[in-house]
Amino acid sequence: MKEYVFKLEMKVRDYECDLQGVVNNSNYQRYMEHTRHEFLESLGENFGTMHAAGIDAFVSSVSIQFRQSLRSGDAFISCLNIKKNGPKLEFEQDIYRASDGALATKGKVESVVVVNGKLTRGEYFDELLKKLQ
Amino acid sequence: MKEYVFKLEMKVRDYECDLQGVVNNSNYQRYMEHTRHEFLESLGENFGTMHAAGIDAFVSSVSIQFRQSLRSGDAFISCLNIKKNGPKLEFEQDIYRASDGALATKGKVESVVVVNGKLTRGEYFDELLKKLQ
Amino acid sequence: MKEYVFKLEMKVRDYECDLQGVVNNSNYQRYMEHTRHEFLESLGENFGTMHAAGIDAFVSSVSIQFRQSLRSGDAFISCLNIKKNGPKLEFEQDIYRASDGALATKGKVESVVVVNGKLTRGEYFDELLKKLQ
Amino acid sequence: MKEYVFKLEMKVRDYECDLQGVVNNSNYQRYMEHTRHEFLESLGENFGTMHAAGIDAFVSSVSIQFRQSLRSGDAFISCLNIKKNGPKLEFEQDIYRASDGALATKGKVESVVVVNGKLTRGEYFDELLKKLQ
């Protein structure tokens, strides 16, 4: 497995599986969101508290490649790397099945920050990245 | 079918079905919520607008009996009656499969209104019910 | 806190919160389902494997009282007791906020077992309960 | 608005909005899935029936650009075009707010067909596309 700045172990919940017997595709996007927010918490931030303070990170694009379906009972590791690109924060987000390390999904997410309704140059992300060093 | 003050026709979405091939139980609660909110809209209200104005209806209890599972492709009719009981608004909420009128779920929901963080005597509901007459 | 045969610590995921800024009611039903299925796994069973073998546990009724809303960042403990009642298995399922032990929801779930499409007398549950002793 | 082979009008359900007061990003993926499956039904197919017959369409990649957030009360039009590309079926899927025609999301989805567990050359899609002509 390659290196990541943040990893979160989770487990499939059966209501996330659809009639094909595998995790419904939309749930990987949810796993990825939860991973970003837990990453934020690991840096002392909280998404709800940010929103209450008028700071909102919005996702501007998501792309996901689906490689291996996760199923009932599967544990998985949701991994994340970040890179600043202009006003955007780019997340590389990969999910691996825990049992054998198989790559389940490969994702890319771009995010921008809006403060009190105004798009910013991503200064919030700059401050955040300093905490990583 | 018995009489109801509000009915909403909906259709199963496949992501709502779980690995048993039927609509996951939690989704009936979602259907019921959406029906209440559409009922509100039919009276000229909107749940999001209410929240922005500091008025929040909160569910205090839910009970649901599951009779017939809905499946991929099923249309259904979500029905609602209401009754004021002290500060609470009681919703009788039943869901019928459209194809044959079979009762899918039978539900009861109790709701209270909080204004600016304070529990009310349900005056909001009293005003709402006047619009029904 | 009273005694339970099974407890699971979980944490609110932000996508589970709705526009009122609290966990949407339907998600407590999901938390409760996941807790039952993890309880099953603790006894060596798996819900997906059961389904593939033609054994399906179906929820016949759910009732939930909502006491304290969980919010972004909240950890919580989802607790469960069980009791056989005729062909049904009755689950007492309570959820507590981890930070202060406040009761978030109080629930009751009844479940039946269908084998190859036929309702059973709950023999599957009898075998399961033996493993608890 | 550009031309599409299939359009579906839907409405935001409040449980789909998150604590930021807008539709959670993952739900657009769900809207897009439901649109594909309704498109299938418009051609006389059903996703659940296909699965029962051993034919499964799996999404191999999704990419979505988020332009305008949908909110409580918003109706929207979910639109779809398709194109065969080797064994894959490529869906162009765009969602517009109904009130003003604003583009909410712009998406691309690639799908493959697995029959009895084996990846196919997409013959199922070829047959499907004939029905469109």
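In this document, chain identifiers A, B, C and D correspond to the written order of the chains, with residue numbering beginning at 1 in each.
Heads up, the rule we're going with is that contacts are C-beta pairs under 8 Å (C-beta built on N, C-alpha and C of every residue); 3 or more make two chains touch, one makes a residue touch a chain.
Being a predicted model, the structure only gives us computed values, none of them experimental.
K.L.:
Among the chains here, which has the CA centroid at the largest distance from subunit B's centroid?
P.N.:
Here the answer is chain A, farthest from subunit B.
K.L.:
With contacts counted as defined, which of the two, B-C or A-B, has more C-beta pairs across the interface?
P.N.:
If we tally the C-beta pairs in contact for B-C and A-B, the bigger total goes to B-C.
K.L.:
Between subunit B and subunit C, what is the separation of their C-alpha centroids in Å?
P.N.:
Chain centroid spacing, subunit B to subunit C, equals 23 Å.
K.L.:
Where the centres are mean C-alpha positions, what is the separation of subunit A from subunit C, in Å?
P.N.:
Between these chains, centre-to-centre, one finds 27 Å.
K.L.:
Just curious, how far off is subunit B from subunit A if you go by their C-alpha centres, in Å?
P.N.:
33
K.L.:
If I count partner chains per residue in subunit B, which residues reach a count of at least 2?
P.N.:
14-15, 17, 19, 21, 24, 26, 30, 33, 47-48, 51, 72, in rising order.
K.L.:
Would you pull the subunit D residues touching subunit B in the complex into a rising list?
P.N.:
13-15, 17, 21, 30, 33-34, 37, 41, 46-49, 51-52, 71-73
K.L.:
Quick check on the complex: what are the subunit A residues that touch subunit D?
P.N.:
Touch residues, subunit A against subunit D: 19-20, 24-27, 29-30, 33, 47-48, 51, 56, 58-66, 69.
K.L.:
Please name which positions on subunit A make contact with subunit B in the complex.
P.N.:
Interface residues on subunit A, with respect to subunit B: 14-15, 17-19, 21, 24, 26, 72.
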